[in-house]
Every structure is written in structure tokens, then in C-alpha cells.
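Here chain A shows up in two complexes: once beside chain B, once beside chain C.
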Partner chain A sequence: MLARIAGLFERYGVIVAFLVLLVWNAVFAESAADFRRPENLRNILNQNAATGIVAVGMTLVIVAGGIDLAVGSVMALCGAVALVVANALALRGFGETSCVIAGLFAGLATGIACGTVNGLLVTLGRLPAFIATLGGLVGYRSITLALADAGEIRAAKTDLLGAIGRGGIPVIPSTWMESGRTLTFTWNIILFFVVAIVGQVLLSRTRYGRHLVAVGGNETAARYSAVAVDRVRLIAFVLVGLCSAIAGLMQTARMASVSSSQLGLQMELDAIAAVVIGGTSMAGGKGRIWGTVLGLLILAIINNMLVMSAVSSHWHGAVKGMIIVLAVLIQRSRRA
Partner chain B sequence: MTLTRRQSLGLLAATAVSAPAFGQAPAGSASSRKKVSIGVSIPAADHGWTAGVLWWAKQAMALYPEIEWTLAPAANPEKQIADIETMLAKGVQGLVILATESAPLTPVAKQASERGTFIVNVDRGFLEPVADIFLEGDNKSFGRKSAQFIVDRVNKTGGGKAKVVVLEGIPCTVNTDRVTAAAEVFKANPGIEIVGQASGMWNRQKALEVMETLLVKNPKIDVVWASDDDMALGAEQAIKEAGREKSIWILGGAGMKDIVKRVKENDPMYPADITYPPSMIATGIQLAVGVLRDGNRAKIQSFMPRHMMIDVELITPANADKYYFAESVY
Partner chain C sequence: MHDGTTSPGTGATFSVALEVRDLVKSFPGTRALDGVSLAFRRGEIHGIIGENGAGKSTLMKILAGVQPPDSGEVFIDGVCVHLRSVRDALDRGVAMIHQELNLVGDLSAAENIALGREPNRFGFVARRTMLRDARAALSEVGATFSPSLRVNDLSIAAQQLVEIAKALACDARFLIMDEPTAVLSERETTALFALIKRLAARGVTIAYISHLLPEVLALSNRISVLRDGKLVSTVIPSDVDESRLAGLMVGRALADIFPPRAAPPRASPLLEIRNLRVGAAVRDVSFTVASGEIVGLAGLVGSGRTETAEAIVGLRPRDSGTILLSGKAVRFRGPRAALEAGIAYVSEDRKARGVHLAMSCVENVTIPHLKAFGRVFPDRRRERATADTWIARLAIRCPNPRAPIRTLSGGNQQKFAVAKWLDALPKDRPRVILLDEPTRGIDLGAKLQMYRLIADLAAQGLACVLISSELPELIGLCHRIVVLRAGEVAGTVDGDSATEESVMRLAAGVGTRRVGNEFGRTG
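This part shows the complex of A and B:
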């Protein structure tokens, strides 16, 4: 009996942790009334949507027994390339819509290209994923710095970008809101949900998903079962590159600019933290997207709580570090 | 002399950084051996202000092509120590150092000083008096003057009462000096109520996020003490997205050209800004050149001050022209 409860906790502990945090903040905490405000809940989702999208991609790579440290740098490079392309076209007299569309496609292509390079280094080059993407982490950031002369790239035309980055679907009409302003779910949030659902379906309902788990769980066995191990891994890296591009472009659209040194900085750590809290094994072969989403929300709520309650920022890291370690301790397999 | 592995790696890094930017003569050529050689070691551009430092350093260096320059931006103290060791191995006569952090850089600066290298220390001081000239910005004055401006303006236009949000930077002595000095001024004025205090890490995106949270928490905010222009821009975006730009104004800091422009144009959200000029690196470089260039180092040093403090200045619509550098990156 006890073993069964322990087993349930190991599997679903992250749900319990999420609910405890949510209820605590929304009902019992000193700033509960502020936490519950629809604007605040929307902000939490909006602020973490980019990290969430990256974390979904990261989950796939980690399930396949890899890791991608380059995600943050890829985000910055994709944003920078998008704006460079859009600005160059704007200078040649193209309309705003075509500039932005071309920029977005250039950004997405950059993400796919970076993912492909990382994937090829791991598969063809036989480099450990940690090393290959460590090179990417340093290298892609450096290219971004060079593109922007270490400063900022700004969009020449900002109207459409602003509409993408800040716009969304209205969900609560202004008359129902205390602030008197319509509450919108931003495109960022919607994209995050879409990516998360696609990721979950991909991982748990498709043949590719089963192959990912097989490759991460036991590479040799997968190879003997005629799984194209290298192709499965390569695609995982391309997917995380694509996710990084989407996340980077979303943040670029919102700020209508790219800070070459800041965009996506330390994103790899936030994404890996969400994945690990969500119960995905760093050893590969076991993972779940919904866990990652909850892991992300746990970190997001804690962050919000720390700012709300005016805890000195010096202590934020200590709290987050403790949560990460605790979450993994709770979910650690007891049968080992 | 044998280079350690670390030094030779650093040397590679240093030349990789400096060579493409300046196309200097190959080190072995006959003329370059007599050249005055100066190393410039600064933090890597991780933020608008440090990007400004890099830009101004290049401006100052470009004025003196006859000097053999080595420029190395470092992301952390370890890299910076290696850079400086490499510069010493190359035999630089002068060093201009803006330290990433004070304590870890002190020993290598001391070592350089003992070799007779002329050292100009900019902005963040070493723990021992090993620099020949120490040129710093006054961060306490930054905190005091900016807070005093808010108090004065609130007394004049807000009836002496205001709810203020404090945005802090990356935890370090610079931030502590600014925040503590500002807090003292605010405390002495009971009309000022600090309704929120959080770190925006001197970063626009982070400042945007914490400001969003603070806006939800506080239905009434009058002023944001943003202490940095990158953070001011982030806070501004959060305020605008919440539709509260009519009721809140912002005091940033450092003198980013976009903010200076807004001050100049009488933008109601930016009644003023406060300087913390990244050009101080150029001042330091100019000082090093002045002392070393003509071989009169001992004579010149006998009358050069050892410690100079750059006061921060309030930028208002009246004087904003003086602080606007159109071609600068910052």
C-alpha cells in the first residue's frame, strides 16, 4: 500500500506540488487577492510562454537522451536574423507586411539550421550533445553579438510586430474587469498552448514519439529494433531549434528589438529546470510534456510570488534552487 | 619566458578580439617594437551600458593609431585576469582597466603595478591602491541625486506625496551604493512611499516582467525609480500595456541616447534622466595616452591626481542637447 502511494507520488507529485502552490498563492498568501487577478494570471502565462515553448522542445531532446544548451543563443540569433532581414527589405522599399513575413521566415529557417547543425554534430560527428550544444551556446551568441555590434537591433517598422508581440484574443470583456480594460490572451500564450499540445501528442501518440523514448532508453536495443537512431536524434534537435526560433521571434516581436547580449540569456537553465521538475529523466527514455508545462508553471508562480511579496532578489535563486532539487528528490524512483 | 597554457589561450582570445577591429601592424615588425603599447581590459557587452563602454573605448583608441592597442572584453573576472596576464606577457606599458569585479582583479593589478606598468582604473576600484590613476563614477551621488529629483518634483507637482516603485539592478556594489543612497533620501521624506521594490537585472525584458507584476499589485503608482535606462524602457512598456502611462513617470539613469532624446522632447513620462557616462572609459584611455605617449611618464605623473571622481549630472530638457550623442550605440 505504502509502496503504491509512493509510486503514485513519484508519478503525479508534480501535480500535487503545482496545486499546493496555486492554492496557497490564490487563497492563503498575503498577496492572494493580487495573485488571483486575471491580469496577473495572464501575465504569468505571457511572461513564461517563450520559456515554455523552449522547454517543450528541450523535453523531446532530453527524452532522446540528449540535451541542448544552445537554445538561448539560438533564440537571440533567430531574432537578430529576422530583424536584419526585415530591416534590409524595408530599406529597399518593401511593404511592412512582406518585410515582417520574410523576417519571420528567415528567423525560423535560422532556428532549423542551428538545430540541424547541432543534430549533425551529435549524430554524424559523434559528439556528446552537451559538448556540441555548448559550442552552440557560445558560438551562436557570438555571431549575434557580431551582427549587432554587441548592442541592440531595432525593427525599422514596429506596428505589425507590435500587433504580433502584444496582440491576442480578447477573453474577458472590459466591463467585467476591475481595471476596465479588456483582458487578452496574447498570441504568445496561444502559441505556447499549441506547441505544448503538439509536443504531447507527438511524444505519446506517434511512432516518432515511441522511437524517441526507445532511443533515449536503450540506444543499442533501439538500433536492433531497426529504429533509425541517428535520424530520430537529428529530428529532435531540429525540433528544439524550431522551438527556440519561435520563442526568440515572439520575444523579438514583443520588444520590437533584439538585445544581442540579453535575449534568451540563461534560457537553457530555465528550460532544463522546467523539464526536470516536470518529471522527465535526465538520463533519457522517460518524459512527459504535460509535466514540463506544470514544472514551468511552478517556477513561474514562485517567481511571481517572490516579486509580489517583495523578497530581496538576492534570495530568489536560493528558493528556486531548493524547489528544483526538492522536486527531483520527491519524484526519484524508489525502486532503484 | 614561457607562457602558461592559460596565458597562451588568453593571448589567442585577446588577439582574436583586437586584431580584426584595429588591423594593427604585426607584432614582429621593426617599427612596432618601439611603439607605446597599452592594454584596455573591460567587461564584455552584456547590457546597453557596457556596449557603450566598448564603443567609447574604440572611439578613444582610434584617435591614436601610433599606439599599439590590445582591447579585450571579458565576461567574468577569470577571463579578465587571463586577459591582463596576457597583456603583461606582451609587455604593455600601460593598462586601462574597468573591472568586472573589484576583489578578484586586485592581485593581478598589483602584480602589474609591481612590474612598473602604468595603470588607470576606471569605475570599479581595486581593493588596494595599486592604480596610478583611479577614475570612478559616483554611484552614491547617482542614488542621492536621482532620489532627490523625485522628491523635489513630487513636492512641486504631486503635493509632496507619491507612491514609488524601485527597480534594482544586478546585485553588486554599484547597485547597492545606488539603492542605499536613494533609500536614505526617500526615508527622509515621509511623503514618499515605496510600494514595490524588485530587481530588473539592468535588463529591459526582466524589468518589463517585474513591472507587470508590480502594476497588478499596486493600483496606484506615481513614479518609477528605474535607476537604468534599459530598465526604464522595460518599465515603460509594461506601463503602456497596462494603459497607465498617463499617471506614472519614470526616472531612468545612465544617459542612453533614446531616453535623452525623450527628455529633450519634453516627454511627460521622462521629465529627466541622470548620467553615468560610459564614455568614462575614453577619459581613462586619454589619461593613459597623455601620461605614456611622449616618454615623460615620471614628470607627468608627479602632477596627475591619483583619484578622480566623475559626478553624475541631471539631464533636463534644458541641457539635454549636451548629453545627446547621435552616433553612439548607447
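This part shows the complex of A and C:
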């Protein structure tokens, strides 16, 4: 019986942790009234959507037994390429819509290309994913810095980009809101939800997802079981590249600019933290997207809590670090 | 059966070094030890034999402090002890020499011997003392090499000596040796036996686990036979012979084990291998197998059996040679292409390659041809139905097909490992199945079912290639046995006329100490 409860906790503890945090902050905490304001909750989602999108992709690679450290640099590169392409077209007199669309496609293509390179290094090049993507982390950032001369790239035209970055769909009409203003979910948030749902279905319901788990769980056994191991891993890296591109482009649209040194900085760490808290095994072969989403929200709520409290921001990292380690400790306690 | 505290026959009392009473240890699904009581006399060499799963390893792990028993008692020198860890056991003089040696390869022999108890001087390792102690310990086991050599630079036999020296340096008075000769040459084995006898004469008690019956018979003072977690009997070597021991291990006459052999088919070969060459492992292998035929591949470890099979399905690139399927030359890029053409390879080493331990039984069955259950979204209900069919057909004991396959016993896992290929093989063309050590590490009941399954598959017209280290199995099942030696075909023997000697002589080039019953072979 006890083992059974421990097993349930290992599997669903992240839900409990999330609910406890949520209820505590929304009901009992000193700043509960501020926390549960719809605007605050929306902002939490909005601020973490990009990380979430990356974390979904990260979950897939980690389940496949890999890791991608390059996500943040890929985000920056994709944003930079998108703006460079859009600005160049704008100079040649193209309309804003075509500029933005071309830029977005260029950015997505960049993400896919980066993911492909990472994936090929791991599959054909037989490099450990950690090393291959460490190269990417350093390399893609450097290319971005070179593109932007280490500074900022601004969008030549910002109307449409701003509409994408800050627009959204209304979810709560103004009459229901205390503030009297309509609450909108940004495209950012919507995209995060879409990516998460697609990721969860991909991982748990599709043939590809089954193969991801098989490859991550035991690559040799997968190879002996007629699974195209290299193709499965390559696709995982392409998918995380695509996720990074989406996240990078959303950030770019929101700011209508790319800071070559700041965009996506340390994103790999935040994403991996969310994945790990969500109960995905770093050893591969076991993972879940919904866990990653909850892991992300746990980190986000704690961050929000810390910001609203008087705790100096210097201490935020210490708390986050503790949460990450604790989460993993609890989830593997049964195997010890 | 007797409890071992008194000597059979003489009634004389001996000083008992270590005794266990009513040891019970259960693992999910199995009772590995079911009330074992056994006494080891001081200075005796006590052989422990039994099939895989009989409880040998579990018993030894309990004695070595690797795992505690569920119930029962362990007495060392008459004192009841609870061994909490390997360190704890070692402190009480019990040391285990594992089959896979437990040494740190990058450290020197001396550093390994002193590991964990380095002599220190003002907080620093006292190197000179350490080397001196190590030299003494090594000379005690008859080793002549320098203690400052790196362990990785030593031969396996020398590493084993380091391990024994390490145990003795810890004042071990009870040594557990798990298949110590599996990795040794004949000469090294002789030297090791001499050492073991010397140690026993000095009062060290030796528990000697092996599946090589001639070896156990030659070396031991007494032999205990375990079966299904119980002590079957403790015997004196002079009272028994190999076949009697084998009978005790298996619990029945060996003759009833194999299904009757069908007449060899007259069909032309379905799969033909000609002059296959794969790296250094396979130098020149040719053989054929027809529909309905069971062809055995025999050979010692390193003879190239597995490599041959892996090359056939494209898991290894071949350097030269031809593979003909239904008369047409084929070359597969991997198991998937081979599968589509009608050839499946059931790999050896079930846990590392055969199944995905963490995945469910259902998922394990459908993984080679998941596409057949849906291009993008596999139909989970249909997957389940397929798994259920195989569970019924192969009499797999599987309470919950959605549970991870690691919760099943080895025999049931192995049935799934075969089922997945049987399900995946195309039904509209001649089929070939290559089975690599399909009965390794599974219990006797499952073995018998596996034999029947193989015979059935041949009767259904599959061409079967059976790779096995267990000669009785090959002789009992196969129409022909192709014997490999060092990557070449050493000869082919007819299943009806084959004997273990005739196969072994071909496999080893000459007569060999490994002639004998190889039931219960591990690793």
C-alpha cells in the first residue's frame, strides 16, 4: 500500500506540487489577491510561453536520450535572420505583409536547419548530443552576434509584427473584468498551448512517439527491433529546432527587435529545468509533455511569488535551484 | 536431503565456518530462495550448482552482503549476523569474486588491493607501505607481476589474482567465487585450481559456483544442488557423476525434454550463406537452411555465431560473401529490410537487445512493425488484441499486458521477444527465423515450451536457425548442426547422430574440458 502511494506520488507528484503552489498563492498567501488577478495569471503565461514552447521540444529530445543546449542560441539566430530578411525586403520596397511572412519563413527555416545540423552531428557524426549542441550553443550565438554586430536588430516596419507579438484573442469580456478591460490571450500563449497539445499527442499517441521512447529507453534494443534509430533522433532535433524557431520568432515579434546577446540567453537551462521537474527522465525513454508544462508553471509561479515578495532578486536563482533538485529527488526516491 | 550440519555418512562433526538457515528471498513474480539451509565447513571447497534461476546467485549475494534476505539467518563462526552491505560482509571475512571483476581499471594493482583501506601517513597515502603490502598479498596468491602495474594492462587471469589478493588482504576467510573459470584459459584454470586448494588447506572456506560439472566434480569437497530456490541435495563428488548431478539440477530425466524430431524436409534451401566474411569475427562461413528445417549453429564464445546472424539481417556490414534468399542474392541495410524480405533475428542478450524493459508487453510485441497498426496513430486496441493472441498462443504468463515487460520472468520476456518477430514476419512469403540463445537465462518450464515452439515453427514451414551454447538443446532439436570455430565452419554433424563430444571436438579443434552438460550456463 505504501509502495503504491509512493508510486502514485512519483508519477503524479508534480500535479500535487502544482496545485499546492497554485492554491497557496491564490488563497492563503499575503499577496493572494494580486496573484489571482486574471491579468497576473495571463502575464505569467505570456512571460513563460516561449520557454514553454522550447521545453516541449526539449522534452522530445530528452525522451529520445539526447539533449539540446543550443535552443537559446537558435532562438536568437532565427529572430535575427527573420529581421534581416524582412528588413532587406523592406528596403527593396516590398509590402509589410510580404516582408513579415518572408521573415517568419526564413526564421523557421533557420530553426529547422540548425536542428538538422545538430541532429546530423549526433546521428551521422556519432557525437554525444551534449557536445554537438554545446557547439551549437556557442556557434549559433556567435553567428547572431556577427549578424547584429553584437548589438540589436530592429524591425524596419513594426505594425504587423507588433500585432503578432502583442495581439491575441479575447478570452474574458470587459464586463466581467474588475479592471473593465478585455483580457486577451496573446498569440504567444495560444501557440504554447497548441505546441504543447501537439507535443503530447505526438509523444503518447503516434508511432513516432513510440519510437522516441524506444530509442531513448534502449537504443540498441530499438536498433535490433527494426526501428530506424538515426532517423528518429534526427527528427527529434529538427523538432526542437522548429520549437526554438517558433519561440524565438514570437519573442522577436513581441519586441519588434532582436538583441543578439540577450534573446534566448540561458533558455536551455530554463527549458531543461521544466522538463526535469515535469518528471521526464534525463536518461531518456520516459517522459511526458504535460509534466513539462506543469514543471514550467511551477517555476513560473515561484518566480512570480518571489517577484511579488520582497525577496531580493539575487536569491531567486537559489530558490529555483532548490526546487529543481528537490523535484528530481522526490520523483526518484522510490528507485533509491 | 539433510541440513548439512553433519557430514553425510560419517556423522563426524566439523567446524562450521558459515551457515545459513531457512533463507527466503522473493522478487516480484518469483521466490528466488525458498527456505535454504546450508553449512559451509571451515577449509572446504563447496561447489554450488543449479540451473539459472535456481537461486545460486541470490544465495551468494545474500552472503556477500549485496542484498538482505526476506527472512532466515546467517551465522558466521556460530554468531548470527545481519550483513548490511558488502563492506559489512567483508569486515566479517566474507568476500565475493564476481564473474565481472570489480576492479578499477585505471588504478594499479596495489591501489586496487588497498582500495578503501589505504595505509596513510599524516593524511597522505603511504605509497611504500601500500606497495609492500600489495606485494605480499600478491605473492600469497602466487602472482609474480609488479603491484604497480595498471589493472587494465593485466590479463584477465592476473586481474582475477588481484581480486583474490584483495580479498585476502582484507582477511577474508570465506571466499565466494562465481564462475571464475569462465574467462580463463585451460592453463590459467589449472593454476587457479591449485591456488584454491592451497587456500582451502590454509583454512579459507570456498563457495564455488559453476555450471561446468566436470570442474565442480574435480575441485569440490562437497557439492550442493539448488533447484527452484530450494536445496535439493548436498553430495560428495565420489558418490555421483555428471549425469546424476544434471538429473538433480533439472529434476527429471533428460530424455523427456525435447519434442520428437520431424523428418528433415526435402525442400531446396530457402536461405543460403556462401563464404560469408565479417570483420575479424567471421572469416568463411557457409551453410544452408530449408523451409521446415532447424539448423543449429554451435561454437564456443568468439566463434562468430552471433556475428554471422547479425550480418545476415544487416546489423553488421559484411566484407564479402553471398547471401541467397530463395535463390536470389540479397543484402539488407538493417533488420527492417530483412524483416520485409521474411527474415527475423531474435537477438541474444534479451535484456540489452531483445526487449525494451521499461516498455509494456503490448508495445514490445508491436514495435518491429508498428506501421501495420497505423501509419501515424497506432490503433491501441488492435495492438492489445494482437498481444493477447500471442499471450494465449505461447502460454505467456502476463497478468497485465500494459505493464512494463520487466515485471515478467525471463522466460515470459523471451516468449514476447520471439512473438514480436513471429507477428511481424510477412505471412505471404517463406519465412526464416534466426534464434540466438533463445533459452539463455530462462527457467526449465519455459525452456521446454521454447523447444516445442521451435519445433512447431519448423513444422509450419519456417526455416529455423538456432544458435545455442547448450549442446543438448542443439542435439535434441536440430536436423543439422553447423559447428563454427574461429569464424570458420569446422564441420557439420547430423542431428540424429550428433553427440556432445562430436560437436565439442569440432568446436574446440580437439577434446576439451568443456565437454559436458552445459545446462544452466550463464552470461
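Keep in mind that, in the parts below, the second predicted complex is superposed on the first by the 333 of 336 C-alpha atoms of A that agree within 3 Å, B and C clash if a C-alpha of one lies under 4 Å from a C-alpha of the other, contacts with A are read in each partner's own complex, and residues count from 1 in each chain.
Keep in mind that, in the parts below, a contact is a pair of C-beta atoms (placed from the backbone, for glycine too) under 8 Å apart; a residue touches a chain by one contact, two chains touch by 3 or more.
Note that the coordinates shown come from a computational prediction; the quantities given were computed from them, not determined experimentally.
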Following superposition onto chain A, is the placement of chain B relative to chain C best described as a clash or a fit? fit
In the superposed arrangement, does A:225 touch chain B (first), chain C (second), both or neither? second
Once chain A of both complexes is superposed, is A:47 in touch with chain B (first), chain C (second), both, or neither? first
Look at A:16 in the shared chain and tell me whether it touches chain B only, chain C only, both, or neither; answer first, second, both or neither. neither
Students often get this wrong, so check: with C-alpha centres, what angle lies at chain A between chain B and chain C, to the nearest 10 degrees? 120
After superposition on the shared chain, which partner residues are touched by A:308: those of chain B (first), chain C (second), both, or neither? first
Kindly classify A:325 by the partners it touches after superposition: chain B alone (first), chain C alone (second), both, or neither? neither
Who touches more of chain A, chain B or chain C? B
Between chain B (first) and chain C (second), which, if any, makes contact with A:217: first, second, both or neither? second
When the two structures are overlaid on chain A, which partner does A:251 contact: first (chain B), second (chain C), both, or neither? first
CA minimum distance (chain B, chain C), superposed complexes, angstrom: 25
So the chain A residues that chain B and chain C both touch are none
Chain A partner contacts - residues on chain B that touch it in the complex: 44-48, 50-51, 54-55, 168, 171, 196-199, 201, 203-205, 208-210, 212-214, 216-217, 230, 237, 241-243, 329-330
The answer for chain C against chain A in the complex is residues 315, 334-336, 339, 345, 347, 352-359, 363, 367-371, 373-378, 420, 424
Can you check the complex and tell me which residues of chain A touch chain B? 31, 34, 37, 39-40, 43, 47, 145, 149-152, 166, 179, 181, 251, 255, 259-263, 304, 307-308, 310, 313-314, 316
Mind pulling up the chain A residues that touch chain C in the complex? 205-208, 210-211, 213-214, 217-218, 220-228, 285-286
